[in-house]
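Chain IDs A, B, C and D follow the sequence of writing; residue 1 opens each chain.
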Amino acid sequence: MNSPGMTSARTKPAPLNKKDTRETPDLSVEIAGYRFKNPIWTASGTCGYGEELDTVFDLNRLGAIVTKSITRQPRPGHPPPRCSEESGGMLNAIGLANVGVDNYIAEKLSFLDGYRIGVIVNVAGFSFQEYIEVCSMLADCPRADMIELNISCPNISSGGIEFGDNAKEVERVVSAVKKVFPRPIIPKLSPNVTDIAEIARGAEAGGADAISLINTLIGMTVNIETRRPTLSNNRGGLSGPAIKPIALSMVNRVYESVRVPVIGIGGAMNCRDVIEFMLCGASAVQLGTALFLQPDLPVIVERELKKYLKKQKLDTVTELIGKLEKY
Amino acid sequence: MNSPGMTSARTKPAPLNKKDTRETPDLSVEIAGYRFKNPIWTASGTCGYGEELDTVFDLNRLGAIVTKSITRQPRPGHPPPRCSEESGGMLNAIGLANVGVDNYIAEKLSFLDGYRIGVIVNVAGFSFQEYIEVCSMLADCPRADMIELNISCPNISSGGIEFGDNAKEVERVVSAVKKVFPRPIIPKLSPNVTDIAEIARGAEAGGADAISLINTLIGMTVNIETRRPTLSNNRGGLSGPAIKPIALSMVNRVYESVRVPVIGIGGAMNCRDVIEFMLCGASAVQLGTALFLQPDLPVIVERELKKYLKKQKLDTVTELIGKLEKY
Amino acid sequence: MKPIISHEVFLTSRRDLKNDHLLLGFGPFPGAASIKPGQFVHIGFRNPLAFYRRAFSIAGVNTVKREIEIILKVIGRGSYQLSQLRAGEGVNFLGPLGNPFVLPGKRQTALMVAGGVGYPPLLFLAMHMIERGYDPKNIVFFYGGRSSEDIVDRARIRKLGVRFLPATQNGSFGERGMITALLKRFLSTPGTAGSGENVIFACGPEGLLEAVDRIAAEFETPGQLALEAPMPCGFGICLGCVVPLKSGGFARVCKEGPVFDTGTLAL
Amino acid sequence: MKPIISHEVFLTSRRDLKNDHLLLGFGPFPGAASIKPGQFVHIGFRNPLAFYRRAFSIAGVNTVKREIEIILKVIGRGSYQLSQLRAGEGVNFLGPLGNPFVLPGKRQTALMVAGGVGYPPLLFLAMHMIERGYDPKNIVFFYGGRSSEDIVDRARIRKLGVRFLPATQNGSFGERGMITALLKRFLSTPGTAGSGENVIFACGPEGLLEAVDRIAAEFETPGQLALEAPMPCGFGICLGCVVPLKSGGFARVCKEGPVFDTGTLAL
């Protein structure tokens, strides 16, 4: 595996005999046969394609970046207002605005070439065909270390029901893209379901190498002066600290329901939150909305995570994963 | 109908020829053939059986009180910690602590006798039989104007899946209690489902006279020092302003999917929020967690609601219901 | 049921005690005169930094000015926000809430056992008793902390004329060791208890209350414990602040407490 | 890409302008010297009352003291929290962000059109130009509001020596009517425009910007509009602050703006 900053473990995990030369505490985590220098990632749609964030801190400090969802064709996204400020969070209906996979490969992916971080390309689609096309185009891009599959998209051909709402559909789409993309696939689950564990098992059955969750919760608010929704799309996705308890609960459910690694997402605002996610079972944690408020948060979390591990006398961050002591 | 403070409309709505003597703006709303003096209700589990709240403000100011869930037998509830403070809300796992229906009828319901407000008795159960038993015991209590059916309870006999997770189950339990309770039944929906509209249609098919939503969202948080969940029950229900956008979206979905009135619940903290719920389709709004922070909130909302209606030159609060202008 | 007063009050005085402790006065509070030691107020802010209100024991009342005092240690969001209040700024007081301490007989010796920031309700209790003609010599004020820093407000305690028995875990002030060890030694030493029987009043961290509960049983001494618990509502409607009872079931700290008799709780 | 500075700064000065307007100075800000009119800072609080940061146009810089000034009107949570800051208290500045105004030619006449609390970046623009040797007489400062109250900071504007043309909707100060009507009349009156061509710079409510955009087209006058939009991030990563373009698609107000040429936006 030739992506800089990561050690392939397709054949077998890289020999860890250099353990003594590693920093203590060791923040690195292994996911789907790859070693990431730390479990602090950025979430799709909250870090663009990386350029802007790199002006705030050196992206090399990240374990991985998950880039904004891309689709087959460029999409302008929804008209404004696209976002609305809420108690403890925000609603967004950006509308999957993105440059399209061609431009992404030509212009955006190359920007990340020089960085020694994991590059996880988030892919969205409105049909099976679209997912397959985009993923197969990425197959030949070595810098696309993994794909995160955004399945919180309406499946146009099945009447607009979201892919992520149904375990069988999730299994089908995951196994389809597994055939065209040779590296790990991480389906990203929607929280707007009755039984997240069932969906996760569907993803695993389809061949998911890891599972990330949660995407945003469907929400709406109203401007009582104009009587209109606060978003042009009427509904949007709720993110931020408001959803953290929901995310933690779902991460823990999924951790207990599948064998593949889990990536935690949802309202993490500081190092304590990252630790909560890891204790609930996350092998890595994506910072999302928090980046809007504190763009250099990943660097701060890295520093505080080391402090916490030292205080807890733990040598490696992996000792946190799933170590919740339930009642 | 002999409950004080309300006009029965079982036969036909009370003649409204006294309209001119009504206050302007008129806050009264009609739901399931009953007229409530205003749409400001208190939510089950957040106002006890009414006694404590009555020491803060005169309960007669309410449109209705929805009392704490009762079950067949008294329940002590879960051991502490039962609640945890979160960003923009709280988690609770009280564990349906209640005095049991016998004591409820003997001691608690009578306290509300003198009040000219709607009394809605929230009933929970762990089996069909339990719901039916409790509801039929309440049939003979005229002060129990309506029953709100808390279907966010695990159905022990079907392996613990919640009643509220499945439209068919909801239909079954609603139609069963309709047979034993002669007055309106309001199923209270759980938000932890893929398709709230489907559940609502199930409730309507079962004969629901109105539908209330939402109950709390399942969540969990962790104390990173002790590595234990913050609740003895591990998981709990998230309430408060954090969930308001989710609640509004679901209320609006249900409003558009059924013909019976909808009662909005979830994170309403002030008059603006109450108006948002009504614009989304709620005929009444229950104040829940907000009562912990500001116990006299109902009185304040009543005053501000009148002001808003005057400013908007509306004669009656019913003109708000569902008047959202979607994009 | 007694009415719960929800009342806008304003910061009227502020004194920095050491080690991040603050004494804050608020008024006007119409019900001030009827407040009893052990009761608390649940404080709400217009723009709260935290979600819940925050409960504080009443640490004193000025019935003439109709003011209430609280003593707090700055720990997290709620206490920080209080510490940032400026003179004249308002907060909402819900209270007085909870059941007060039951006063001892005039000839009994009151053994007050304070741990850290648990001392304010006991200080109020001592002042209250003395105002009502109790002999300060019949009050023994045990006050424990980790180090000298934790034992604040010493001058006011001494001024009361009570017997002041501090202890710190590192020995930097008073006796070295746990305050409960000192209590135990006191109860074991014949003669020290004064003429009457003893009654224990305790407030402090969980460990302290547990130990006092055990000691009270061991020495067959009646006692009252003032508990703390996270309080979503503070006045009995949420059932969120419960503590398990020895007799089974639970009691609400805010409503059946915060003062409980020793021997009744399953600590 | 230029680095975005995330920097703790402290309140150094505060002046109450009338009608709930405040002038606040913050420092030290290392990059102060290179800041240009039209740019803004995105302000974060340690314990924010609102969820988003809040964006404020830079209203002036003191390059010697390395301080930045903003002018705000107290409206909701964010501006309220700023108004409550005490001298020496810190906030986080993310910035300078956004693209500045493009300065006019020295012989052009700058028609600055300010609506309400849109005046700060234009005031800064005028000061900046004058410092750089522009003739104040070539600056016309249109400043509109509902009533006299809304036209704050008059003394500073007058002191610049620019032509000051205020208008209020109720006629209580300056001309009666919309400021854009005044602009239109100005452009229609032969001779008033001075020797060179005109360039319009506008900042204010949506209606004002729309009107200016139309007027600029009508009089074939180049112009620049400084926009506002709710800004979740302020530096281009969320795509939340977009404005539709005439050419189709959207532009980010925080990144491609906040200054846009007239004629480019689908307002």
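Simple rule for what comes next: contacts are C-beta pairs under 8 Å (C-beta built on N, C-alpha and C of every residue); 3 or more make two chains touch, one makes a residue touch a chain.
No experiment lies behind these values; they were computed from the predicted model shown.
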Separation of chain C from chain D, taking each centre as the mean of its C-alpha atoms, in whole Å: 54
Rounded Å distance between chain A and chain C, as computed from the means of their C-alpha atoms: 48
Inter-centroid spacing, chain B versus chain A (mean Cα positions, whole Å): 36
Where chain C touches two or more other chains at once, by residue number: none
Where chain A touches two or more other chains, by residue: 86-89
Chain-level touch network, classified as line, ring, star, complete or other: ring
Contacting chain pairs - touch in the sense defined above: A-B, A-D, B-C, C-D
Contact footprint of chain D on chain A as seen in their complex: 45-48, 51-56, 68, 76-77, 79-90, 92, 94, 97, 240, 289, 291-296
Chain A partner contacts - residues on chain B that touch it in the complex: 86-89, 91, 165, 192-195, 217-222, 224, 226-229, 231-236, 238, 241-246, 248-249, 252, 267, 269, 272, 275-276, 279-280, 308, 323-327
Footprint of chain C on chain D - complex, ascending: 47, 49, 77, 80-81
Parts of chain D lying in touch with chain A, wherever the complex brings them together: 1-4, 6, 44, 48, 50-53, 92, 94, 229-230, 232-244, 248-250, 255
